[in-house]
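Input: a single structure, listed below in structure tokens.
As written, the chains take the letters A, B, C and D, and residue 1 is the first residue of each chain.
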Amino acid sequence: MEQVLSAQKPLPGPRALRKQLGDREVVRICVVGAGRAGLIHARNIAKYVRRAELVALCDADPTTLNKVGEELGVSKRFTQFSTALDGLEFDAVVIVTPTFLHRDIACMAAQHEKHIFLEKPMAVTVAECQDINAAVQRSGVKLQIGFMRRFDASFVRAKETLETGELGRVMIIKSTGRGPGGPGGWMLDLRKSNGIIAEVNSHDIDTLRWLVGQELECVYAQAQNFKCKEAQRAWPDFYDNVVAQFGFEDSTMGVVDGTCPAHYGYDARVEVLCERGVLFLGSVKQDGFTKVTVDGQAIGQAVKSWRTLFKDAYLAEMEHFVDSILHDTPLRVTGLDGLRVVEAVIATNESIRSGRPVNITKENPI
Amino acid sequence: MEQVLSAQKPLPGPRALRKQLGDREVVRICVVGAGRAGLIHARNIAKYVRRAELVALCDADPTTLNKVGEELGVSKRFTQFSTALDGLEFDAVVIVTPTFLHRDIACMAAQHEKHIFLEKPMAVTVAECQDINAAVQRSGVKLQIGFMRRFDASFVRAKETLETGELGRVMIIKSTGRGPGGPGGWMLDLRKSNGIIAEVNSHDIDTLRWLVGQELECVYAQAQNFKCKEAQRAWPDFYDNVVAQFGFEDSTMGVVDGTCPAHYGYDARVEVLCERGVLFLGSVKQDGFTKVTVDGQAIGQAVKSWRTLFKDAYLAEMEHFVDSILHDTPLRVTGLDGLRVVEAVIATNESIRSGRPVNITKENPI
Amino acid sequence: MEQVLSAQKPLPGPRALRKQLGDREVVRICVVGAGRAGLIHARNIAKYVRRAELVALCDADPTTLNKVGEELGVSKRFTQFSTALDGLEFDAVVIVTPTFLHRDIACMAAQHEKHIFLEKPMAVTVAECQDINAAVQRSGVKLQIGFMRRFDASFVRAKETLETGELGRVMIIKSTGRGPGGPGGWMLDLRKSNGIIAEVNSHDIDTLRWLVGQELECVYAQAQNFKCKEAQRAWPDFYDNVVAQFGFEDSTMGVVDGTCPAHYGYDARVEVLCERGVLFLGSVKQDGFTKVTVDGQAIGQAVKSWRTLFKDAYLAEMEHFVDSILHDTPLRVTGLDGLRVVEAVIATNESIRSGRPVNITKENPI
Amino acid sequence: MEQVLSAQKPLPGPRALRKQLGDREVVRICVVGAGRAGLIHARNIAKYVRRAELVALCDADPTTLNKVGEELGVSKRFTQFSTALDGLEFDAVVIVTPTFLHRDIACMAAQHEKHIFLEKPMAVTVAECQDINAAVQRSGVKLQIGFMRRFDASFVRAKETLETGELGRVMIIKSTGRGPGGPGGWMLDLRKSNGIIAEVNSHDIDTLRWLVGQELECVYAQAQNFKCKEAQRAWPDFYDNVVAQFGFEDSTMGVVDGTCPAHYGYDARVEVLCERGVLFLGSVKQDGFTKVTVDGQAIGQAVKSWRTLFKDAYLAEMEHFVDSILHDTPLRVTGLDGLRVVEAVIATNESIRSGRPVNITKENPI
């Protein structure tokens, strides 16, 4: 327990930290946003991530805040992040708020020299991404975007397989992302969320970029609201199904399709067609359990939730973040990755609006 | 054997035929084009299709002609279809020539009151399709297009499942079609073949229309020549990979991706996302054989060929054609289906050329 | 049609036949027993098997006889095989009667110099098998037992894989055989049928012997009547579930489990554990069709019937039989194979009765 | 951190503990045996199990002891368990030593009123199991045997499905257990280990009993040493492959097959055939990753290790143990379960030795 106790000493600012943090130190983390994904991160930090300590929780909703605080035994609880910054010693922040709040919180954190783990999508606009990247660069803190698939064993194996070159270049990559539960609240407002292409399919867009290792150049997309008819009056541009076709700078072709709610489960599958073979990632079935009934139906269970499918990946990305802080090593997902996905998201929505293919403008990250 | 011998009597023309052909009769068929798919049809007719007799073969290449003729014991062999029409009694023609010859042969057959089974794609241009449909209507013969997937047990089960309504409406449909062997010869010339979107992915386009039960309205497509670099000089617009995104009249969204050659096998898979579930058709693995080696690789065999995957469907579509002639019953795949796919093919190529989404013009079928 | 007509000439007896039958001849076949499997064979011969002609049908039940005769256009129909032998020219017989009739019919056929295709199991007793083998040897006709799995593409691939030696020797082999429909009639009487270990699992026992390439030495088995309680009073030793554990002469260990009726489908799966890997054959699912419903159930269809699962194998074994007659080439499944399985069946039932492991007595085949 | 600090107070003995331990307490655990499975448990306790504290490690090998101690930051390290008992305050022991040491350590722990988590198999002999159960009963501590499959989500779903009765009674249950790495050292000596039927397939035997919910009555087994020829001279009765066929008291039939080393991976699959359907658990493939190469090989990865396959189950069983201590709730796996499996193991080895089926003697647990 000495380790933890010694961590109670204030850590130096990140620049100093790089020199001083040794193997025996602990990163003290404040989680901002204790909803669904926030709870995953908070639990991981509190219970599973080595050399991390969950020192505080922030959530605008006191009920959520106290519930999670009780569960994890975290007594430092704040309804405003600024209050946490004022009165608390910590090293890093994990931001899992609604997307439209990312910029302000992340910039504030950077100004206070807190390392930043920021859930996807990075922000709503390119300008917001640039603000965050600029603030991060100024303060010298680390910034990791929550593309946890890059830490999933199957995805990593796919990346490694592609990098060996044995299958030749990628020709077509397709990524399907569907969530079981419906988007609600602020996510219905495309001005706040950019829609499911951002909230759900950011992961798919990042998968395309990461596995191919090339930048996206253009997009043509279609979208429809098939299932959330009740949302149509208030949010006429909201869509619950989207198909986006991307062109890469090296001519690789990509397809992302997204649906939320899919109801039947959480469905994340990728197919990578190469010159000399093809890779498949994921399955609609969650495990090897099959029940065959008397009428000849062979019934398995669809994957229910990203919580189970990417459980290990969520933990691994947080361990990577903490290790990177402690050893001052490079991050595998950066603010540039976050920015590039937001640029693609915005171009996709522009294509949906205009009915035309749209070039993806790529800004300088800072 | 009496049945066959009695079939040697000249059959009356199709209009008369409808009244006279009873259950005991046999349809005498001339197969035009004895290459890959032609051989499948010729064998099926000669050996497996009830109430059908393979009475003659036509192929411009005498070597192919004689080889297949010998194999199937067909002594009536012609290098020109017109000669066959002149000197031979038969009821129906199965046309499996290069696509750019479809119109002339089909129209000639219709004029001579021969029922027509025409391989996909129906023709190269919309005008050609209309010529065929007009000739067929004038003469009153039957015309079936070779979309054999509509006769495959899995595809039929999908169609039936969708028609029950249990899954709700289709929201997104995706169809992948890849062939193991490379396109060659006249197929490299888009003016003669319309490329792989026609020669390979006609099936996928038809699958979209058929399963959704709605017409395609627009298309945006990308294409690249990744693997057939040697063909590029002579055929700069040839492509071996294509991704086409369709919009349906009822807002359903569709994606077709095609690759030829895929080398690893024949890969035909379809995914139909509905409001209350999803259907998957096909598998990259051909059967339940798995070999696990000492290093932990679990190795199955990819589907090798459409010949095996759709073997039963090829037979079933021909039996349907013959039954339809004998009993004068409606066909499940018509000249309208052929036309609609050619229209979509042409719009897809126009989108590839222009880089823009293209509306699919739908002509009156006759 | 000349081929068929020329086949109407009486063929010489088998010894002479071997010298005279050339590539252009046809084997004239009489099918004895027109029930389930008999119908499969009759249809294959009538429609699909090259160089075979279905010249006559025998069945004790006139209704079945006439129904199948009508379907296949076979006018020569007999309720007794002896009548067929007296008044008919033919070359070979396919015997698909109840097992307890195999010996008499096969011996009669051999005496009349007819080649014999005999459905599994070969006979009820070892003595009957020996009678058949002796009669066959005396007359010089060919005898093939209906182990069609040896002609299935997956099973052949397994055999070939094992023969390469890449996986090392077989250590454990397990074969599961379950039929959807219940055994009835004479099959309930173990004295006539030897029970499901013979009627259903003969295939599994043959699979063990064939894939391992070694003889079975001993067996220990258990059996229960779990589902056919109504049959228990009349047939107290009838069982609908059996597990039999075999020892091979080279110490390989084998397990067969059989169930009939399984209701949910026809389930034939084999697992072959070798020193350097493992092979799996078969799947409970019949194809790549999966329906995922809104509640997250991923539903496929179990294999329904051996008719579909082994359709190609049934055809291939008959083509092999016909080719072997025409070209006087060796058969891949012989009377010795039939005998060895019957010996294993009898030992299995003895083990069930006695509750003890039983050595499998292996007789000289003739 | 207060929770942990407060846990430093000596806990009262187990009988008193039941009254006093509230929700805020922590169970202090000493892990005895820090090898493969011991390390898993030690890591889980140190890092993941709520309300558990890893206070000490014991291992006869100082190198292992110090390595694991360093990794987990445990400074209290002992090469003898008796020393730990003398000088250390703790509440529970996790015993992961070689099997032949289980009895002495478990009895010593019980005498000192330590709750006991005991890895499978419970012990080498029935008498040893009875000694342990008697000691546990005398002292009133809790005893859990490490059958972690009972905590695996798929296995639990199978159990629940069977308990609904929808599939009817179990008729045949088969469980396959194969380990990738070879047994070595004391495991080669059947007098110390009872062989792989105990060390590997204890899990499968427990699975049979648990899923069927009935006791095993008799066993017939075969075993061979196919791969570990070098061990044969010193350990002539050692086997690396075993097939055991069980009869249940209610006539259900069971098959367990075990192989170690299997080399290709860790293979744990179960099939439960019921009157109205069948359940399958497990898969040879570890996930949805498939690579299809240019030659048409569809390659997945076999499950490598029980460490990954049952990772969550190992954690869940330990959490269950800790919860059961803290809340004094009944355990899901008891000393009776451990005893019953050892009885079946011993009967299996007796059957292998004698070549005869053997009745399984079931002793009173204490």
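We adopt the following convention: a contact is a pair of C-beta atoms (placed from the backbone, for glycine too) under 8 Å apart; a residue touches a chain by one contact, two chains touch by 3 or more.
As the structure is a computational prediction, the values presented were derived from the model and not from experiment.
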Checklist outcome for this item: Comparing A-C with A-D, the busier interface by C-beta pairs is A-D
Item to check | Farthest-lying chain, centroid of Cα atoms versus that of chain B | outcome: D
Checklist entry - So how far apart, in whole Å, are chain C and chain D when each is placed at the average of its C-alpha atoms? => result 44
Item to check | Mean-CA-position distance for chain C and chain A (Å) | outcome: 58
Checklist entry - Could you state the distance in Å from the CA-based centre of chain A to that of chain D? => result 38
Next on the checklist: By the touch rule stated above, which residues of chain C touch at least two different other chains?
Outcome noted: 263-264, 276-278, 280, 284-285, 290, 292-294, 301
Item to check | Residue numbers on chain D that touch chain A, as the complex places them | outcome: 1, 3-5, 47-48, 50, 73, 153-154, 157-158, 161, 166-167, 269, 276-283, 285, 287-294, 301
Next on the checklist: Residue numbers of chain C touching chain A in their complex, please.
Outcome noted: 180, 263-265, 284-285, 290, 292-302, 304
Item to check | Complex interface listing, chain B residues touching chain A | outcome: 169, 171-172, 174, 178, 220, 222, 224, 226-227, 241, 243, 245, 247, 251, 253, 255, 257, 259, 262-264, 267, 273, 275-278, 280, 284, 355-357
